[in-house]
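By written order: A, B, C and D. Residues from 1 in each chain.
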Amino acid sequence: MTPSGATARAWRRDLHRHPEVGFTEFRTASLVAARLAELGWEVTAGHAALDSAARLGVPDDDVLARAYDRAGADGGDARWLEALRGGHTGVVATLRGAAPGPTVALRADIDALPIHESNDPTHVPARDGHRSRYDGAMHACGHDGHVGMAVELAERLGAAPPPAGTVRLVFQPAEEGGRGAAAMVPAGVVDDVDVLLAAHLGIGLASGTVAASVDGLLANTKLRATFHGRSAHAAMAPHEGRSALLAAAAAVLAVHAVAPFPGHETRTAVGAVHGGTSSNIVPDRAEMLLETRADDGEVNAEIEARVRRALEGAAATYDATVTVERIGAVTTARADEAAADVVRRAAAATGLEVVVPTAELGVASDDATALMRRVQTRGGVATYLAIGSDLPGAHHTSTFDLDEAVLGPGVDLLEHAVRAALTGSPRRPAGPGRAAP
Amino acid sequence: MTPSGATARAWRRDLHRHPEVGFTEFRTASLVAARLAELGWEVTAGHAALDSAARLGVPDDDVLARAYDRAGADGGDARWLEALRGGHTGVVATLRGAAPGPTVALRADIDALPIHESNDPTHVPARDGHRSRYDGAMHACGHDGHVGMAVELAERLGAAPPPAGTVRLVFQPAEEGGRGAAAMVPAGVVDDVDVLLAAHLGIGLASGTVAASVDGLLANTKLRATFHGRSAHAAMAPHEGRSALLAAAAAVLAVHAVAPFPGHETRTAVGAVHGGTSSNIVPDRAEMLLETRADDGEVNAEIEARVRRALEGAAATYDATVTVERIGAVTTARADEAAADVVRRAAAATGLEVVVPTAELGVASDDATALMRRVQTRGGVATYLAIGSDLPGAHHTSTFDLDEAVLGPGVDLLEHAVRAALTGSPRRPAGPGRAAP
Amino acid sequence: MTPSGATARAWRRDLHRHPEVGFTEFRTASLVAARLAELGWEVTAGHAALDSAARLGVPDDDVLARAYDRAGADGGDARWLEALRGGHTGVVATLRGAAPGPTVALRADIDALPIHESNDPTHVPARDGHRSRYDGAMHACGHDGHVGMAVELAERLGAAPPPAGTVRLVFQPAEEGGRGAAAMVPAGVVDDVDVLLAAHLGIGLASGTVAASVDGLLANTKLRATFHGRSAHAAMAPHEGRSALLAAAAAVLAVHAVAPFPGHETRTAVGAVHGGTSSNIVPDRAEMLLETRADDGEVNAEIEARVRRALEGAAATYDATVTVERIGAVTTARADEAAADVVRRAAAATGLEVVVPTAELGVASDDATALMRRVQTRGGVATYLAIGSDLPGAHHTSTFDLDEAVLGPGVDLLEHAVRAALTGSPRRPAGPGRAAP
Amino acid sequence: MTPSGATARAWRRDLHRHPEVGFTEFRTASLVAARLAELGWEVTAGHAALDSAARLGVPDDDVLARAYDRAGADGGDARWLEALRGGHTGVVATLRGAAPGPTVALRADIDALPIHESNDPTHVPARDGHRSRYDGAMHACGHDGHVGMAVELAERLGAAPPPAGTVRLVFQPAEEGGRGAAAMVPAGVVDDVDVLLAAHLGIGLASGTVAASVDGLLANTKLRATFHGRSAHAAMAPHEGRSALLAAAAAVLAVHAVAPFPGHETRTAVGAVHGGTSSNIVPDRAEMLLETRADDGEVNAEIEARVRRALEGAAATYDATVTVERIGAVTTARADEAAADVVRRAAAATGLEVVVPTAELGVASDDATALMRRVQTRGGVATYLAIGSDLPGAHHTSTFDLDEAVLGPGVDLLEHAVRAALTGSPRRPAGPGRAAP
């Protein structure tokens, strides 16, 4: 028998070599769908797994097309690729037990980040040959590990299906930026879920530890602001130009000057500005990517309002205009004690140490919260759990790497939790709208 | 016989459809070289026409390689392309009369701009089918017309060579940004020139007029500033990041706040900022293109010093660093009355009205000044002349277009001026270092 | 007998009418000293009560002189004024019981704020005639109430001295800005204190409630930054000027862009900028008042370092220089459970409700922490307690006002706590340096 | 007889010791009025000499009152002070010849600047005892010399009145900032003037030279912008504050980023920002003094529009508001050749060298242009002339000083010009509205 963690590691390394950013996970999703179908799971993908119109921040058509072609050339599974075309890269797999019972779901996010991976010889993926083959893309948040663990879990459950109840695996695209979960919710993929587990590797916990619930996830809004000015020759007619970059520069400073809210974690950040082509042309267009966060949805909404006002004001200052598009949105969510308890018991059973997350842990965001809220709204329970992994470099940096030794115990934990939840959880009462996806 | 202006117009339209920005003019230069060789001119190109190391602001190798391949695919002349590889896109052609005599040169710049051409039906190139085929590149400063006129001039002179003296056509790459002339000067292409004419279409003059000398050309320095910070997760560890974009934003504002110098035309401009990839990563790198200008070289040097100080200070403010590279440099130059007089007499002979340029005319820069200064240093005379053209849109904008009716009269003017200069100009005394290129 | 709170209210109203900002509390301190001496307390004031050189942010000599003269004219006590001259406005009063015993101290801060008090008829001090008579100064943080309560407490204790132990009242100048306590510590005024109580009215608690300890006080650094440029005629020679205001403006934006520290309350703020005299003179000088805060001293130190870097960088950006002076510094401190317990018991005895302060409560700073740390270092215990008061306007705003009904219960609470502490507290072991001030 | 220049020098030194800024020239104006009345001139002052409501940028009442009191204490003439109260500090004096004839006027501006005079021993006024006695005020533009020359001229003409025609001396307050002339025009003080001479000392010309006309005077608009935010405790409730200083800081940078207009001298400048009182209070108010200039009235109007837009936008960026008040306005004007010719002839007669002003000379502004335009509109002629003076320090700096040796020749020149104009100038035809003031 394959040793625990072997499948997870093999998948993780393959995906690490082929990182695909949000909504371009054609290769990843097609391989996952193909493998789970082989393993006997019911698989849906593409439009059936997500609501096309509800996606946020979808890349341009030509970006999608290039990524799609690359996936075909790099070993994507042709049987599933067509369904995913155009950035419909969600996959949902279901395994039904012989008898009725609760529905237990695990969410695994599948996307990579637009980061250039380190080529330093001390960086293990560089040393061992699984460094990203795609320049400027990298699995720098461990989602490759999430997929690897979910696939190994699927193998184990497929080989020994639970006697009762249903297991659902939700492979979600575009977690980064908070763009994918919002599209899977309206597709109903968790509408019948009684217990939802959303697991993340790393985030500050040491190898060998588990946090059964992480409650400090921040609400997060991601915006694309496009400043429009008027171009002119910078030397012959500067007075006829209106620089979109002057507006953007003033906006960068203003966005970072939004005041803190006492008692709250809050953030504003400009992550990118791109404008202009040549030193002698007044730039008529500049695009900015920015975000706001807070540990409270209303505070985040207020901060978003202030940021939008700052963008408008900065544009007006330089006689430019700005259009602002929301390209990502993540809410907050609270873990249910009942779901966290399942995790705690699974940790005890599999020898992992349960730790309480520190304040520093929870300051990221994850749009798993949208799935969690949906489950909770419909009567189920949910938790966001963290599986510790020592990290040589921080999340979202070029030297991030997983401790692969945690993958096997991680799958053990998840398997135990899923099986326990199937047995121990009360089913929610059936009701209108409750149906498998 | 071909009507006056027909060749110029045909070439201009072909080049307008195939605009190539600085140092990527592979198709343009190869076609020019091939045609002039056919016409019996001595032609040199590539390393023989410019000093490779003296080029400023050469694009990255992959940009050069892609443009080179495109030129081959789009009809570039295979006999000349190889010499131009790697961004050596200068061409020099010489026609010698039977008897010795003065050397008269015309400089034609050949590069396009990184501007997206208008597709409005009222824009004549869009309407008539010679709009740019290359997205994001456009002949928006009339250099296509300069080349067209020079080729037609070459035809006429080739068909009826002057009895005495030498004619030189200098096809210069990368005028935009002030990057090409500096490389042709050390190659010696104007070292033996007695009279240099550098002609520009448009620049504020109406069709049917000529300015025999334009003296207000501004000194110009182009810089690329690269800000380096430290990346971090914008929500989990903002305090560990150092935003290169905050530094760049402060720099944009500071560069535009450099004080004017009474009695001088001065300019500072940031034309482009590119930094960051994602809203949730503190950007560790931002690149800026900027420039300074002044009607006096010392004032421009002082402004450059202030701009560099502003860049350094802005970086330090946000605990970032900045590296500054000079990617273009243009000096000022004065026209010689003897050279301007040749133009005035040619205008009178060909029915064009001589006008005195207004203050607004001369505020651009042109690195023809480097060639002019070289000629003047070695005892020759030079002028920068303007051939009027009504313009529907300003230089360096997406609706720029030439009045093609001025091309024929323009060639008439240039032919007359060249022939007159060959006859009427004193030869400079021969001396050390005086030799044909 | 005078009803409880009557003396406190009378003093409070008189002081409210005569607000004196930090180190100019000549009238206030002289009246307090005179009254406590009358009541039989040992009183020291001026150089005996604070270390002159350890004061931070002392006003200019002429400001001190004008305030001193005003105090004399407005009823300051001539017997004590001379000792206070030059901004030595601390007063310490001691009452010794018949028998030895512990030393219990209460700190009352005495200074007002540079705020223009509301003259709105709905503002009670305006309606009832005790609005500030001094334009631009106002008791907008309740220190007038602190002094009033302390004086009434002195009356009560003077009338019925405790049988054993010592009571000390520390009237501290210049709490605002964190400037006075640092000067009283080296004068030894709390070196022999076993139990220190520092009380504040308001700060978010309702009338009738008490918080026995407030632990979230922020470390705080106050800076004065002076930017130096070069003046010039703004129209005739702008290029010869170096604007201190451009530098200051860039600094304002940079100070507000310092990143948050996850898990910490942090603040940066520019509170004032003053520079320039005339629109046509490039301003050569601009003065800025700013501050940093954090709930952790090391974090505050790091933020101060970043702010200083930002000030330097902004100055350099505009070819100016900056000098930065620390004009206030407040550390954090933790309450001792033993001291808080005294307060809780006193609250129970006097019918006030004990509440637990919310996160929002503790985000201010108070340099009482310097006194607390000193007491703790020498073996005593301390707490910072809050006595609730409904407020029509927030602290530090023009409509701030105390609910005077809380003054009597407040004195009851303090009296009870002091008497209980005298009885119930263990004396610290005597040791080197332990002596009354 | 008093040597030429002696009176001018004595007055100049007295006024230099007692500099009074715009609309506070109580001592200056009262002394001038008293002396000219003694000399037999018809004198009007106060409301009769200027339109109270048309004054721009009048200081606050308490500033006016303090200056008025000081003037009384420092030797102001009590007979005239009352008429000047409240900032009505204009004086007009008229001397009528026996016979009718043209009216010739000289304008002398009388105000000082808010500059702290150098106390360096190399600064002649400091060395010789006529340094400013008023801290923060200084005659740093030579108006003390203008008044001195005008008084000596009045003595000479009073002693030997012209046989025909009328001479008018216009002593104008508040030239700095362009605030006084606009108020004298509607009072009609130049409505009957046939020839107006406005003279300025220094401005770049060497001692012994004269410029008969200075044409490059810039249009100038002076603004006071007041930003309104909301105050809050910077640590306890920063999110409730709206910083007027953040808005002002962004505005400072934006005002200085207004683009130049090719072919024009243009200026924008922020000269002062004052806001906030304390580091821990979010400042709710900030006042800014700023200005725009251009060598063309329409360009200046466009720049003013852009500056106002920048102020509004910057305020909106930080959720603040701004009110903008125009506190000074100066137009451009052209000299009449007939008036300049009078000066040239006077220079020839008195041995001064006539020079042509350079470009650098004319970049200041002077609201004499308002008087010139009025004279020209009503059919008279005018010129703005410059009387050279070597200067140890530039205009509007702390080391500015006149070369007093030029005062005598300057009076000679003016006397000659006035007498020549009375004789040689055609009278304008009488018409409606033409009357002595």
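Rule of thumb we're sticking to: a contact is a pair of C-beta atoms (placed from the backbone, for glycine too) under 8 Å apart; a residue touches a chain by one contact, two chains touch by 3 or more.
Since the model is a prediction, treat every value here as computed from it, not as a measurement.
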Going by C-alpha centroids, which chain is farthest from chain B? Tell me that one. C
What whole-number Å value describes the gap between the mean CA coordinates of chain B and chain C? 67
Distance-wise, how many Å sit between the C-alpha centres of chain A and chain C, to the nearest whole number? 49
Which chain B residues reach two or more other chains? 235-238, 246, 250, 253-254, 256-257, 260, 262, 267, 360, 363
Please categorise the chain-chain contact pattern as a line, ring, star, complete graph or other. complete
Where on chain D does chain C make contact in their complex? 113-115, 136, 176-177, 218, 220, 222-223, 231-238, 240, 243, 245-246, 248-250, 252-253, 256, 267, 269-283, 286, 289-291, 293, 328, 360, 363-365, 394-398
Of all residues in chain D, which touch chain B in the complex? 253-254, 256-257, 260, 262-263, 265-267, 358-360, 363
Which of the residues in chain A end up touching chain D in this complex? 235-239, 241, 246, 250-251, 253-254, 257, 259-262, 302, 306, 309-310, 312-319
